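Across the two complexes that follow, chain A remains constant while its partner is chain B and subsequently chain C.
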Partner chain A sequence: MSRADKVKAVVTPDVPQNAAIFAQDLNFVYNAKSNFAKQALSHIDLTVNKGEFVAIVGHTGSGKTTFVQHLNALIRVQSGYLNVLGADLSARKPDLKALRRQVGMVFQYPEYQLFADTVLEDVCFGLKNFGVDKDQREQMAQDALQLVGLDFDQIKSKSPFDLSGGEKRRVALAGVLAMKPQILVMDEPTAGLDPQGKAEVLSLVRSLNQQQGVTVLMVSHDMNEVYENADRVVVFRNGEVAFDMPPRQLFRNEAEIEAMNLEVPAMAAFCNELERHGVVLPDSCRTVDEVFAAVKALREVPNA
Partner chain B sequence: MEIISLDNVSYSYKAYNDDGTVGECIGVEGVTLSVEEGAFVALVGHNGCGKSTLAKLLNGLLLPKSGTVRVCGLTTTDRDTLFELRKNVGMVFQNPDNQMVASIVEEDVAFGPENLGVPQPEIVQRVYEALSQVGMEQFAKSSPHRLSGGQKQRIAIAGALAIRPKVLVLDESTAMLDPLGRKEVLDVAHKLNAQGMTVVLITHFMEEVLDCSSVLVMNNGHLVAQGTPNEIFANRRLLDEVGLRAPRTVELADKLHSAGFNVDALERSAHILGGDVCQELTK
Partner chain C sequence: MLRDVTFGQYYPGNSFVHRMDARIKLVLTLLFMVGIFFVQSFAVFGFVTVFLLAVIFISQVPLRSVLRSVKGIVVLLVLTAVLNVFFAKGATPAEQPLWSWWKIEIYANGLKQAAKIFLRLVYLVIGSSVLTLTTTPVDLTHAVESLLKPLRVIKFPVHEFALIMSLTLSFIPSLIEETDRIIRAQKARGADFDTGGLIKRAKAFVPILIPLLVGGFRRAEELANAMNSRCYEGATKRTCMRVMKLGWRDYVAAFVTVAFFAGIFVLYAMRGSWGGVTWLYF
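The block that comes next holds the complex of A and B.
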């Protein structure tokens, strides 16, 4: 061990074994040393465990996107410690290529980033850049397109620009999924989609999370979808983590949620009202169907 | 009084097939509808169902292939009155960043009236009136790029108002905004409506539809239903067919009602619904 490594070993915090993402005292300032300096992140402590589905919410300008862009080093760590899948991103030269293959990033309106002549080329683009050979990448593209529910043979030679909005979004998602990332980071993946398109994208993400163990970090403004899908919700406020807890627990704080200009999900508002009357449903009831079943069960066994 | 009327309107886009031939792709087909002055109409349907095509037909950005579109008594296909018609229909689109033409807010709002040749003193008056209608007068001298999404959309609405339209068309103007931004834009739309403006709101947010006076439902280019929000949300089969869903509270209320609970099947307030259910459970 060189001397420098020894010094570093002293300050490097212990990363929990099961952590996919581990941030400690992470800070970021835009336009530092200028009149427009803005503290976007201050003292962020956050751990996301492998296989978790975590939602990030917060008002515009609260630091959500800045945080998320740190995760595959689109933004480099200014101060504090960040570890993603064992890679120390606070280090001077982390292995970015390996990291970026493991952390799939889906930006807002990803369909605006489609560019190739055919769907196949577009989905293969990332793989090509990572040096996957031709046959293998076509196979991987095929798997990815199947995963997002598109018929490979029918769609592979179409121009991405001839597709409908929902199809475009799924092709863009396939381009990220083709790389088989271990962490999927999504910035408002359902924005602008109709209710059916939303449900399709969310059920895809849920199945990746539950069946393939992909760690999911989803930024969203739609509190209903956050409430129904996330294991845990992290609320950003003015660049800080204001809350970090399971959805049912979080949305009991109606006044605080509304003070942050966030909405209380419909089913949370309903359950909160029941609780004010002394009727408590299990915390796991979060969708319309689950809440309905629980209420019906209560009526049938009134004294339970 | 009727302000918008469409009579058997069809529009199709050119579609380029794989083999190089040119075909047609339906935008809207055989749409007949009428909107009363002062109404607040929601236009809903899944992505690609023809909502935006219909919006663009309203001010002659697109001209119908067949049928007629009349707004304020003027026909869009009449070239002599097209500009007059466009003055009556203000449009605001989805992406706030695509609708800013100037580097100062007041200049951006002045763009419309300037193009209409309105005399300068009146432009100033119109700009300030429009900005105060959307609650943005203190930002008159700011740069649009430093504003939030909701603020930018309100500037875009002010830009439309400066032309003094009778109809305001909001084509998914809230889709890219956060909850606060959406509320800002909707509050402005409802305030203008209360002052007599006819509003056509295109949206995917069913919660926004609840407060409209009527709803038009599009599917694959056809107008498949129209009615009050309650009538539309009561029609489960229709919603399933066109891939829409009622707001969650209404869905729950409907299920509870069907299961014999003594609640309004169209209850939209989670608090009232919760209270009613508790009353029944603790009886």
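The block that comes next holds the complex of A and C.
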């Protein structure tokens, strides 16, 4: 073993087989050399397995957006180790194109990034950049637009600026989904949508996750949607991971959640209250329908 | 990457310079900018350098932050200076060129002139960035409004002018932030701004410029609506929350600066009559 190999062996940790994202001791400082230096991430250890639906929550400025931007190298690793789908992002020159095609990133208010003359062109922008040929591009764009619930033939030659707010959001979403990413990172995908729009976006994300096995990371401020959709919740606080556990477990700690200025989801509060009265439902019951069914089932078996 | 834009960026602090009245700072900066054109020799540039360094030291703004504003346009400044080398003739008709080729002649005087022009431009930029680094955009706008007040006599819309200025200044950071966000969003979709020829690179900016323009108009409209819904009317008598008052700092700073530049004007006016003191006129 040469000297170089030895050094490398020390800094490269073992990445678990099933991990889509693996971060170890990840740190990031903004404006490192000035008086305004701010530690945005400190000692982040986090593993996200393939096919998981993970929600990232935390107060404004807790580092969650900084963290997710690391995932397709929009922010480069300053110190620590980060591996996304087998690519070592701490390396000096990772293959950015391949990485960005596999990690779809939906920013806050993605409709503000629309630019092309037609919807079709806009959805194809990413595909074109990644070198997909023309015929295939149109087919993939069609698939993506249908996936987000838009009528392809009707919308493809419209200007994206003539659409309604909800439609714009979906076109922007289709622009990312068209690339068929293996990891979907979303920064508040439902912000500013009406309740129905929110439900539609969430059910789309859920079906991508459950049917196509897409790994989903969702940053959100809405604890209700986090509670009902995520397999796991990661709470960021002052650039550190404060909690990392399944939603039911997390929101049992009502006092701690409120101490972090986060809200306890309505259904979690309801189930917590039931538990205080001795009625314990399975941890998997988190939506209104699931809880209703579970309570009903309990009643049908008296004094079980 | 866009966060490095220093021009017009306030460096928070509580120094002597920060606490001065913005109007005085503005007037003194203008005096400095005019005065610098009366500096004719390297020796006097030396005095100005000391003066400028003293002001920067008192303002407690790190020299690095001040110099960053020069970094952005250094190419332009060097180009201007280099062009001057080619166009300047000898100080006297008798002066021989140092180097000549075809119709191009370079004189020692040309090199001297170019160096002075470069210094003058650099000092202009540094002087104005000391102002913007130590004064918030809001204070600066108030200062402009207050100084332009006499123009009301000729029906010049002073308040509206100041409003346009403050809106422009307040839009700059938010537009920078938005540009940054759009760039990241398009990069995430595989956009590539760093490779390819000139035309390809220019084309790569379309996906940034269009959302930026659309966003700019959107913001402008939102702001106009917000102002309308609060019944904003510019022309009526408005008062300021913070009334600007001159303090001892302003008198001291004004006295020192005016005295310094009075000296420079004297040196300029008396050039030629101080034949013995040649080092002053190198």
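The criterion applied here is as follows: the second predicted complex is superposed on the first by the 298 of 304 C-alpha atoms of A that agree within 3 Å, B and C clash if a C-alpha of one lies under 4 Å from a C-alpha of the other, contacts with A are read in each partner's own complex, and residues count from 1 in each chain.
Just so it is clear, contacts are C-beta pairs under 8 Å (C-beta built on N, C-alpha and C of every residue); 3 or more make two chains touch, one makes a residue touch a chain.
Model, not experiment: these values are computed from the prediction.
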_Just to be sure I read the superposition right, which of the two partners does A:191 touch: chain B = first, chain C = second, or both, or neither?_
first
*asked:* For A:165 in the superposed arrangement: first (chain B), second (chain C), both or neither?
replied: first
*In the superposed arrangement, does A:288 touch chain B (first), chain C (second), both or neither?*
first
*Determine, under the contact definition given at the top, whether A:113 touches first (chain B), second (chain C), both, or neither.*
second
*asked:* With both complexes superposed on chain A, which partner does A:129 reach: first (chain B), second (chain C), both or neither?
replied: second
*Which of chain B and chain C A:59 touches, first, second, both or neither*: first
_Of the two partners chain B and chain C, which one touches more residues belonging to chain A?_
B
*Would you sort A:221 into first (chain B), second (chain C), both or neither based on which partner it touches?*
first
*Following superposition on chain A, which residues of chain A contact chain B and also contact chain C?*
none
*Which chain C residues qualify as touching chain A in the complex?*
3, 62, 65, 178, 181-182, 184-192, 206-208, 210-211, 214-215
*asked:* Going by the contact rule set out above, which residues of chain A touch chain C in the complex?
replied: 31, 34-35, 69, 72, 74, 97, 100-101, 103-105, 107, 110, 112-116, 125-126, 129-130, 161, 175-176, 179
*Which residues, counting only chain A, touch chain B once they are in their complex?*
59-61, 157-158, 162, 164-166, 191-197, 221, 223-224, 261-263, 265-267, 269-274, 276-279, 288, 291-292, 295-296, 298-299, 302
*Would you tell me which residues of chain B are touching chain A in their complex?*
16, 18, 45-48, 94, 148-149, 172, 175-176, 178-181, 204, 206, 243-245, 247-249, 251-252, 255-256, 259, 261, 270-271, 273-275, 277-278, 280-282
